[in-house]
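Two complexes come next, and they have one chain in common, chain A, joined by chain B in the first and chain C in the second.
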Partner chain A sequence: MKLNRRSFIKSAAAGSAIAAAGSIFPGISFANWKEQQDPSGQITWKKAPCRFCGTGCGVLVGVSGDRAVAVKGDPNCSVNKGLCCVKGFHVVQALYGKDRLRTAQVRRGGKMVEVPISEALDIIAAKMKETIKQTGKDSVAMYGSGQWTIPDGYVASKLFKGCIGTNNVEANARLCMASAVTGFMTSFGIDEPMGCYEDIEHADVFVTWGNNMAEMHPVLFSRMLASRKRRKNVQIIDLATRSTRSSQASDRSILFKPNTDLAVANAICYEIIRNDWVDWDFVKKHTTFHKGKTNIGYGTEDHFKFKDAPEDISFEEYKEFLSDYTPEKVEKISGVSALEIKYLASLYGDPSKKCTSFWCMGMNQHVRGTWINNLVYNIHLLTGKISTPGNSPFSLTGQPSACGTVREVGTLTHKLPHGVVMKEEHRKMAAEIWDVPLANIDPKPTYHTVEMFRALDRGDIRFIWIQVTNPMITMPNLNRYRNGALKDDRFIVVSDVYPTPTTDVADVILPAAMWVEQEGMFGNSERRTQHFDRIVPGPGETMSDTWQIIEVARRLGYEKQFPWGEDEYIGKIWEEYRRFHDSPKHNMAPYTVLKKRSGVQWPFVDGKETRWRFNSKYDPACKPGSDFDFYGKKDGKAWIWARPYEPAAESPDEEYDFWLNTGRVIEHWHTGTMTRRVPVLHRAVPESYVEIHPEDAMNLGVTNGEMVKIISRRGEVTMKASINGRGNPPRGMVFVPFFDETYKINEVTLDAFCPISKQPDYKKCAVRLEKA
Partner chain B sequence: MPILSYLVLPQDGAMDQLCSDLANMDYCEIIPADNQEVVVLVTDTPDEKVEKTLQETLKNLPSLQSFSMTYGHNAV
Partner chain C sequence: MMNKRAKISTAVVMGFAAVCLSWTVVSMSAQAAPGVQEGFDWSGEKIYNRYNETPLQAMTGTDGTRTLNTFYERRQYPGSPPTIPHKVAKTFSGDTTKCISCHGRGGYDAELDAYAPVTPHPENENCFQCHVPVTTEKLFVETDWESVSPPKLGRSMMGGSPPPVPHSLQLREDCIACHTGPGAVAEIRVEHGSRGNCRQCHVPQVTTTTFERNN
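After this line comes the complex of A and B, so read on.
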């Protein structure tokens, strides 16, 4: 059965109309578009999570013969209930770019030469052995991704941490989610949201903290808009540093100066206490108060170290700390009027309103990312608005498996699939499940992502294998790290689906299977694990990232740890991995259950998913007889933190007088390697641009579409101006989407990070502008 | 051999009639939305002359309020 060209074009025409409808009519569903007959046969539909963002929309992939030809929202998936965004509706086209990598390539005499993939795998294994012998196990590294499937990340961790014995495993989720993790760990002692997307249908108030959900999580934003339309009393407040489509659709848009969300959050807490809107019963039973170190630095220097030193404080000491954050004082710091701060506090403080806070990169890519996560939790903890339907502080993810693969499998230098390398009991568990000697697992973490690329530049790391990510676009202060990767005695392996600036620096390129060309699982923002089958074959010699790692592991002599056959390995890996989470706090669904359903939430206990954690009505892990039990902490109590406002690492001055803020647009996903190969999406936004306030543009003498040079202390980029476009920065700020590799905006950004999470801040550095 | 797609809106209360009218026309395939009064129409005509005639017919359809093209391809 093969689909002919004509029926393929008709399918594309229908898909285009459905995508257009989705952007014009929020919430529209075409779930009855079940099958299409064409002269060559029937399209069959198979479930998968969308390939792109962390929302985890379920899609049905239409297959004719060996080709995916259509996509529609999966009505059985509770995440999106049949909806899709414009990217989701075109996701299958990302499989079929003309320049897909089909064969392995090896650099010989300065040129990339095609070789059989088995030969490339031999070369990788030999180079790893040689590097370990010459410069030690900590000179080889793996850099993966929140787009890794769960099995990809699991076998990477097992090979590097369990077999080779180095903690040199990191993933690009360090760049997008690390502050969310440390926020959870410091406030609750356990990672990942307590709530779920059902909160959207229960909440009366939504506050989006630096989060342009209309473009970054459009399906969830549609659910918010639908809830507001249906229930009338629902309000959406957009709290941000620039005006976006989310601001336009919100009931109120409040702008704050960069980094001052810390002060605003503290001022909200000050007002909640001053007005006695505190839920005292909840606070006394379920929280304790703490402070940590201050003036903690920004990590811009190599070998930067920081360790917090938490101290207990009393409620009175916390209240005294907040006296520096009256609305009137914070108005001067933040630019948010005292009246608006009081209004926000009144919403959170009103016991009759259910409040949900959403955030993503604005709070996480922040030099005090851990702190601002803590402070928003403070608001919900003081008011007792947490872990109940509609009351949720909710950190959203940007990648399809940042939670599933990076946070749950633990593909960060300090992590294991259960716990951390520093704790002996966690190492013992891993050694037993992995069938490796306990001594293999090093108790000392090595390099977080920024430091890993610094180590590559310095020469402490000589071999790095990069899978499913594009760091030669995404690393901040990019010039340093690209120059480091290009040094003569570095060996770079890149597994990817298309040529990118990262494959440009590779010594070996492995052609990877993409999305539904392999079996796998993703884990989304709401603790939902989503399985997908291999639905279509990949082109040429493409191979799943999991299988690439297994092939190399076997060449390194670890056959015993990687014994599975190609027809069974995903199921076997899943069941082995599941042993790490065998407790009511984190139990994962069996493979057979995942295969059947459009996603299953964990903890999965006695055949039931857990919607709201830490609340004994919903969460079987809570202590019997308790109402709430924050069991990540030994005493079952969540921590309220006194965290001060501190400024960004680099602020505008006389020489560099603008803030630079970077981010995304709805049409493109991350560095655009997939979406820029989808014609409809590429034509919609063919190139990046710099958003400038109209008065700043006038002072610069620039009109819409004219070229502007953006210059920082680290680099410069020249691109077209966008004035009064879809986003509008305030005066003194410019915004640049980073999807376009033609304009490497990260040559301009700064590699400062949150000292606790080690996540870089892509939202704040100082630049000056020139008319080009 | 043009292939085009449109978003079609019915007159008030005429969603069912519009779907029926379009489904019974030559060269037309429809995908109605299941929660809003919007229809996706895909037309597949043998040549531009037939396409123009079809568009005129659509313009005069009493159950149709408006239609806007989202995709066009002149297959050869």
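After this line comes the complex of A and C, so read on.
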């Protein structure tokens, strides 16, 4: 029988009417989730920051019984005002992967066996004691994370730097934010953005520098789009090395060749000066000019050392330096036409337009990461477009607490919660608050992250404790560092929530409580500290990372420094930590305030949050009577830097003729250990791929989905080609998302880093391609 | 806990909701058929005539494929952003103009042979921020995820009284978008959308506790 349209509709409807009965007659279950039998039928909502990115959206976690069952965007959180991204809306599902680590495991006879967690903690403490005795305190190390809570990082620093006396504390934020920090320190003398997300509602021009915000900071991106829609005259310019969703949504997409953003930024400044778009009042009162060393290397060799030697220069000398960067010259270096450079300069230079620049990994994972941060600040300083609503050079952060835990607590080898280990007054402060002898705190920094894993490979480090991160996927030049970790005589402790390639190399695995299974705080990109309660219990013997460290510290004999009870420790730790920041430049909100609000910005002075720093209208730390006061520098003046263009550590040549660029996709967070266990996210992007330009694919003879071998001097990976996919690299470049442990793209990448920040460049190395 | 009386009234309303799909009145005439007794009461035929004459679309309110069952199948918990059930080009960036051309006002799409559901939040421009396609059904690792039951229909307190809004209004403030039109989910489609002021009668239920004096 031929079905006419109407009868087709009828029969379909009959089928669906039966299915529909499920909603009307209780007991018939439908839809694809297991329903919870909740006696109360009630969901209670509790606030928390999202677990994933540095945007720091507020979520409301729907709880029923002892399980998290739903999510809403937190309407009280000014970051996202009730809207999340797809990761945030499904964040609670990350708690419930079937293979959650529930018990501690210890390697015995080459096999991992389950043991009570107290036994595992005993073993860790004993191994640390033994290692310190045999090979010294600098042979034990802690490697943490920008996804550590603030208390996690704080107790780690206190134990290692204060009690044990080694500066072997690093965190994966070295791989993501270090250049942002050194950029701030060299330009302003104090870390973290001057502006806040409210800049988005004020700016007329947005320039995204190598920053695919549509996928990586989606909630901020949609805030930007909403602002453009509402106010009509808003422009978004995407300045990048490949075309992405952000390029598609922008008003103008400009592509530059890898590493040449340095030249482009200098050319913009050249044009600003040539056209006299300089805000002279501002520049004369609030800035000074400087230069540093050039030809500074790439750090690919062990024991690489670099120290910059800043020199004062005059404005004339700076202008002279810029003469190498005329738009015409830079067009040749960067591939950006002189016209486009002039256009960009005219936007920044137009005094009637408020300009905000956004950047994240593109500028930070860069062999001249510190420099490019400096150069974008230059643009904003020359035009005086800084520290006022809508005028903002905005360094976004990647991880939910890279700012909170790594930058503010200072979980890097040279840092203390306030200041640096090299300065006696900072060591004194730490020794006093920590109640340890001053002599305990070593004035010499030890290893930054790449060098720490090199030291592990060499055997200078024998014991390493890794928490909340997955370096056996994320270290560049991975083969070397995995082989190092696997050597005899290396003892690896890993605290995590799921099995990963890093737990695969562990000698002890500690099952960690995750996110809202513990109380804690994160700190996001806009200086916002966000508290969350323990909302649901963790499974099995899981324990918060903070408490794991406390347990080990007590076993090492530091009960006095770690005296708190399990029901109060987060509040006590916060109030102790807060003493480090007791000044109008960095005051943190008290525990009771944090508990109540959906995030509080610091400096928190006299009960008020500071939204724009260095501007006396908004920032009480400014000198009275000043309009702007860059108080991070002694004379209150920000630094404009002459920094040249220098090429990447490894550029394509005849043999290795392609650039390899790596990054993320919206669905997956970092190495996917959590997001791949969230059904919606995995089903959307189940595996990684290599994006390749259609013409390059044709030359190679591969079509969409066929296998391509990516080969560098360090390793190779074979994966499916994606042609005209979500993103499109220019000819001569391929792009690979790094989340998929099946295709370890970091076996191919290069461990070159910015000599100032020591942050590796994951965006540029040379590879060749073969059809597999 | 629900008391007994509330349970009874809920049951009544559930039954009511099941049959009460109102449609426009069509004129009907009873006619005598051969072989049927004189004086047979034909008024019982009305319902069958009406059934035959009303297009099913108007009765179910959908093209027959969009029901609460499919609605929840695309979600992980009540209120989560649904996945995209149809193909989208890989290069597509999820920008509103293209999504909105179908999901802004709804309407029939011949290629998918379906009525497009209307979005209640067209002001959000970055659609892929929350809605992602499904490219595989397989999971990376099995999940222990559970969520609560979706709200049951027919929560009126008394037979026939307007039911409260069982879901959060966040991102779903526009009742008309989801509860009217041919793209609407059959079971929650209403015929009195033209009244416009929905919350005149339907109020959000934010708690299930009862009032108690506490002084």
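Convention: the second predicted complex is superposed on the first by the 732 of 772 C-alpha atoms of A that agree within 3 Å, B and C clash if a C-alpha of one lies under 4 Å from a C-alpha of the other, contacts with A are read in each partner's own complex, and residues count from 1 in each chain.
The working rule: a contact is a pair of C-beta atoms (placed from the backbone, for glycine too) under 8 Å apart; a residue touches a chain by one contact, two chains touch by 3 or more.
All figures in this text were calculated on a predicted structure; none of them were measured in a lab.
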item: First, second, both or neither for A:Ser64, with chain B first and chain C second; value: second
item: First (chain B), second (chain C), both or neither touched by A:Asn724; value: second
item: Chain B versus chain C as contact partner of A:Asn295, first or second or both or neither; value: neither
item: Chain C versus chain B, contacts on chain A by residue; value: C
item: Those residues of chain A which chain B touches in one complex and chain C touches in the other; value: 6, 9-10, 12-13, 16-17, 19-20, 24-25, 29-33, 82
item: Interface residues, chain B side, partner chain A - complex; value: 1, 3-7, 29, 31-36, 38, 40-42, 44, 70-71, 73, 75
item: In the complex, chain A residues that touch chain C; value: 6, 9-13, 15-17, 19-20, 22-26, 29-36, 38, 40-43, 62, 64, 67, 69-73, 75, 82-86, 89-90, 93, 96-100, 214, 218-219, 221-222, 225-226, 229, 245, 248-249, 498, 666-667, 672, 676-686, 722, 724-726, 728
item: Chain A contact footprint on chain C (complex, rising order); value: 14, 17-18, 55-57, 59-60, 62-70, 72-73, 75-81, 83, 90-91, 93-95, 123-126, 128-150, 152-154, 168, 170-171, 186-187, 208
item: Interfacial residue positions of chain A with respect to chain B in the complex; value: 5-6, 9-10, 12-14, 16-21, 24-25, 27-33, 82
